[in-house]
């Protein structure tokens, strides 16, 4: 039996990688990509727990919804990014600081 | 008779609504409406005075009004009047009457001006009448709105800054007070009397404890300071005074008069009506602090006044100084001191109103207020020989303000000193210097403005008109009559003050 | 079994009507050519739909609280009242969007569709009773909001706003999910009603994980209501979005987020213990910081929208005070605050929208001397601003008064003082606007004539509750008092 | 005959009514209402005469007084008791004062109708103030307690202020009036403190209650600010005297007060108001003794008497000489109080009032005639102004202390007592300094007064134009009559009952006694020991109790140290009388040598003492010290500093500060973002972490990754601080 | 045994590709690495008995989202923003600059802190690790979706509809006035 902590460790690792991507990459698409890592990490957690502690399928359902919603979010997010690129001809995140104090 | 307070309170509102229906262009009609309203109100306050029973220390049962407002919270529309508030009520009636008359010369947006002025009057009455804490607070804050606009729209060059500063400062104090009010509400267990100022009085909270940041504080002490802040800013006591010079200098004449004459008194009234009786133990314990702050205000205000070259600012600082006396008198917690303080509230109201009105009169002629202009030349000079009527009334106001015996300022200051000497001797010794400094800055100002040859510009000023003299006369009379024979005021207040002192006496 | 799920469907009529309206709008929009006529039709249709929703919600007020769909949602008075507020907010925005120039004519009907979608999400969120519905509700709100905030498709600022919103929403949703996953892991269920008894028995490591997880969970909710430190998107988004959208954001998602926050607090943390201490402590700190950051930063903002964004952050901090109390009065005061806030915000945004439509900018300078140009607007706006600052006799004061009293009742005096000082700070920047409107001289003497009778009537109607609720607030208070959280046994 | 309040009050009410009527209707009355004022004060004079005669002839006893009380302020309610009673208190001293004040005032009013005539716009105003002043002075004299005294005291100050500033077109008048008011106000403030201190012990400030409290020892053991309360109170009360009576170091105002019209100088700054300070100290004499400050008083008096006399030596302004001589003479009165020469001090008060009033009126007559006050421009005027000259000469003789004149009688007695006090009373001989300075001052007085006379009336006209301009004086009723009457009363016989003041001839019936000595005694507190507050009240107390007889020495009227040593006192008096006669004549002689014969040039003295001379001309630099250094350099600078701190620093930074800080941080962060981050930090991304302005700008910099970071950072903070145990 | 092998492969895949996705300079490569990670995760799902989820993961993510991303990258030019000469210690340029590294590292560290705390408690969780029988979850998930989670299921359609319309609105190239 695989220790559950292994899964959690992987998910935590993924999560941190996701955060790191979101925070260090300058391409907006890459940042959206980071979100996917994070969501996956969470989904992985759900499924892990579903097997190891909860013993029900709510975790699976949750993971499914995460996938679905991630898709929707990615679609909208990417649409906005593309729009932004059309307007500003760049996807550098620091260029996107028109709105500021 | 029981509806009298209601009438006094709401009559200005009725007048205000009436003015709202007058077309904008009929300026004289609007002014007449304003004057008529305030004069009827003033007459009603005199009726109140006449009907007042001086042998009752507490609220006059004849005039009490109590109607439920928000029953869920036990909030009542509850009004009453006693010996401490009555002089203030009469003063309010008088000063507003004078202000409406003196504002006849205001020509900018007359309608809004009178509407706001009447609204202000109603809310000031509300503060002095309210016996319900919530109601009190509402009026206390509502008063700020017309005040803000009156300063902000009709004020001087820097009016916006002054108006905002006044508003914020006061609001800061009052919001802290609101915390105190709510804390009291819960400390009494949300009962029927939880917002009842009278029922809260008597030191019911001496043993309650409050935990703040893990430290235990006495409920009474903590919230005494909360209330203190609210009222001290209004008074204003050093170091919370800096809004006052700005507000006074920028405000139009009538508003300066109201501000100095009535609004400052609300701070000290708050002490007498709320802070002292509700937190008697803390009040007695911290009376030294109040006295010291009062003394510092007296001296600090006087010192600062001396350095001013704007005459209105000078008088504004003198208000700080004079209100310091009131604080000291209250801190004395003796019968003389306390009565003196209330009397000083009234007297300062009349004398400082005179000063501001006089400055307004000259301002209307010269459109500046410099004693010494920024370029070093004289602002006025020679007014004495050129404007005799003006000078004489000015002298009366000025000497009343500096505490010349025979005029009203002296007796209240003397009573305050008599009250405080035994308790705070050292403070008294310093505070007495305030009388000296008070004379110094006023007389120096007078010298610079009134003596010497009149310049051509000064010669072009007409002397006071009949209207101007007319509205000064009631104040002159008040200043002189109450300077010689203050008993008409003292008699109505002494029972109430004695009751307060009896209460405080239990805790000293 | 499936039929059982439908027995209580009558409780769910408002949501269904909203969804139907949304779809109907979609069809209407699709089936007509883009013209003034079709836009009006869509507008009227959405109004009708919203009114129906409103009435069905009002009729729901009299129903006993139940849980629906296998405890996925709860319909109680609290949620119904929140929904009423959200519907009212949407109603207010509908006309604003119709007349505002900030939304492209071609996108007006899309705006309404999106708004209906967000409303559905908000309704779901306000009655959510398991983790999944919470997540779904938040995401529905969020994803549609991303779209709404980038509605000005040809302006990079709007798109940037949408993008920032999306990115920020993504990270916080991720964190929230991460927290949820651990909650699920420890308790083994996602149903609130099943979690409550389990929570009571937690000890040791379980409890510790739980606490941290709830903090992570809070990120998602906090992001929705824009409280510190999850507020940072909101000024940018408010500024970048079209004004009706900003108005909408200031109302509907906030109410929904607050509703879910209140529900979570009540369901999980109304029992004393380590969890409650941790949670309340968290909310206290958050509330204090939110108020302070919002109000302090609002000073010195030149853009009105941005200023209002920060001010709404400040107000959220205030509303969080009600959550801190977790007492009988919590729902009442939060609802009252929301009611007051709704009308004040509507008025303010309405005026700002009108003016920035006229001048094409929302910088401070455009409202200079408004009183000389349109007195009614200036007066109503100052009433609303004074109310926002919490001055009597306006409803904002009563709301703040109740908020403070809830905090003080629970003896969090320090928090009360912080709140008090914050309302002074907030007064400062509101006063600056009022000063500009009323005290300063206008730069031009041009009257604002585009503000026609309907507009005038509308802001007057909005302003009446602001004044009225400040004086006669007992009735509303009683209604809100009845709106208790229903904890499914 | 019963005294009621209505039979006494008119003394005060007449001039007061005149004041009120004139104030309101003066302009409409014929002659601007001067007759009203004059008539009123004359009526007062008649009333005062009546009271005086009652006291002199009715009972002729030291114990006779009338005390009427009425309630002014009553704050009592329930357990809280507080009352202020005001009342009228008349004893012999009061009666004499009343007579002096009303008499002098009547004459001066009369003179004013001549002197002020033709003064455009101010004639009526002058009489208004004069009436108010007179009524205040009478009120002060009649007062039965310190508070009422203080009230009138201040009103007098106000009148003095107004009259000094009478010529309001002159800037200098403005300065002088403020200076006068403020300087006296310094003393007044102390007096108020003294009243407060006394009140705190006694419970009110009635004279009789104070005496009673002193005799009952209520003051003992009370401490204020580390010193005994009695000393404190006495000192404060005496400070009142110093201010009002222009004693060192508050003497600076009186010379400047000469800016006012001359009649007002005569009335206020010579005869009455300045004497009120001395009157106060006399009234509070037991307190001074109890507080043990009599030595201090004596030294203050001596310094003033001598110092002012030295200054008067070099003045060229006619009125200035008189002003300094007034200060000097007041110094003698104060010496009298200090050394215990109670009776003589009061007597000097009265005699001085008479002759100084006359001197001033004469000076006024001269000034009005020649339109200048500078003596170097006068000379030889005695031919043109014979009546004035005669009157003035008499007064000069009086003030110089020439025998047979009133000044000799009173001053010599003071000096005699001082001599006894300094040499024979058994205390340290160091205190001889006081009589020494007194005698030196007397010498100087004689010298400078005659210098003044010689320069003004003798010799040849120095300024022919002025001389020609001066009209020949013809007798006029309102100009000369007052002078003549006053000059008449400079004869010593009216006061001493004898020609020399040394008991050569007795005039009055009560054998062997000067009427002054009989009538005026230092208050004997022992008499009041059994006094209780209820004992007084609204009734005339004359018949109620027969007080114990006085304990002091009737012969000498001396109340200082060791009054029992009558032998010594008498001895000292004889020596003093001889000395002062010699001194007076030598002074006159010196003046004669210098200014008539001109055998000695004044330069002989001036040149070797150049700097001393300069110091005298500049009045010992007191004005410079007070105004230039203390007020301008210290006080005003301090004020400006405070005002700057208040508005410029405290208000700007502490109050508006948080907003300013916000703004500054805003700017700083903008700079940081634009300059530091862009140029120093790599990529110009501005993503470096700076906590400097965390909340403000960088945080909301629009850079979303920073938002993420903050989110995480704070979240981590939350999590780490969670108390899980 | 299969499970172990699958787990190890998936885990290694995840670790490797995720780190690569972080450090690669090329955004396109990054997307491809994401693909690897997602596949790895679906592998893990299989080891966790979550067959349906695993399949959905592959279908939606791999088939949908990653493709979407790739399109987006292509549409936006796929630039990664590295300025030369400003790299960390002058060494191999991975994907950012000094500041971005500092930033990312800090963020990771900070959140690592949270994890450290979280995991330190999670390891103590009393979790039942007994082996369970592998069986298909499709049927039960299907049932759950139309019973317990029917509302979420239905309402997610609203979300998707909104997202659809929204994406269309935003990305639509039509320009109006």
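For clarity, chains are labelled A, B, C, D and E in written order, and residue numbers in each chain start from 1.
Definition applied: contacts are C-beta pairs under 8 Å (C-beta built on N, C-alpha and C of every residue); 3 or more make two chains touch, one makes a residue touch a chain.
Keep in mind that what you see is a predicted model, and the values were worked out from it rather than measured.
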item	value
Smallest count of steps, each to a touching chain, taking subunit C to subunit E	1
Required minimum of steps from subunit A to subunit B, each step between chains that touch	2
Chain whose average C-alpha position is farthest from subunit E's own	D
Per Cα centroids, the chain farthest from subunit A	D
Chain occupying the most central position, where position means C-alpha average	B
Of B-D and B-C, pair with higher C-beta contact tally	B-D
Subunit A-subunit D separation of Cα centroids, rounded to whole Å	92
Centroid distance [mean C-alpha coordinates] between subunit C and subunit A, Å	26
Gap in Å, rounded to a whole number, between the CA centres of subunit E and subunit A	5
Intercentroid distance (Cα basis), subunit E paired with subunit B, Å	69
Residue numbers of subunit C (touch at least two other chains)	132, 136, 139, 143, 146-147, 150, 153-154, 159, 162, 164, 167, 171, 175, 182, 185-186, 208, 212, 216, 235-236, 297, 300, 428
In subunit D, residues with contacts to at least two other chains	666, 683, 685, 687, 696, 700, 702, 704-705, 708-709, 712-713, 715, 719, 724
Set of all touching chain pairs, with the criterion as stated earlier	A-C, A-D, A-E, B-C, B-D, C-D, C-E, D-E
Contact footprint of subunit D on subunit B as seen in their complex	57, 165, 169, 239, 242-243, 245, 300, 303-304, 306-308, 334-336, 339, 382, 384-385, 388, 395, 399, 404-406, 410-411, 414-415, 417-418, 421-422, 425-426, 428-429, 432-433, 435-436, 439-440, 443-444, 447-448, 450-453, 485-487, 490, 494-495, 497-499, 501-502, 505
Partner subunit E, residues of subunit A touching it in the complex	1-10, 12-17, 19-30, 32-33, 36-37, 40, 43-44, 47-48, 50-53, 55, 57-58, 60-61, 63-65, 67-76, 78-83, 85-86, 91-92
Residue ranges of subunit A touching subunit D (in the complex, touch as defined)	19, 22-24, 31, 93-94, 96-101
Of all residues in subunit C, those that touch subunit B in their complex	386, 390-393, 397, 401, 404-405, 408-409, 411, 413-414, 416-417, 420-421, 423-424, 427-428, 431-432, 434-435, 438-440, 473-474, 477-478, 481
Contact footprint of subunit A on subunit C as seen in their complex	131-132, 135-136, 139, 142-143, 146-147, 150, 153-157, 159-164, 166-167, 169-171, 173-175, 177-178, 180-182, 184-190, 235-237, 239-240, 297, 300-301, 306
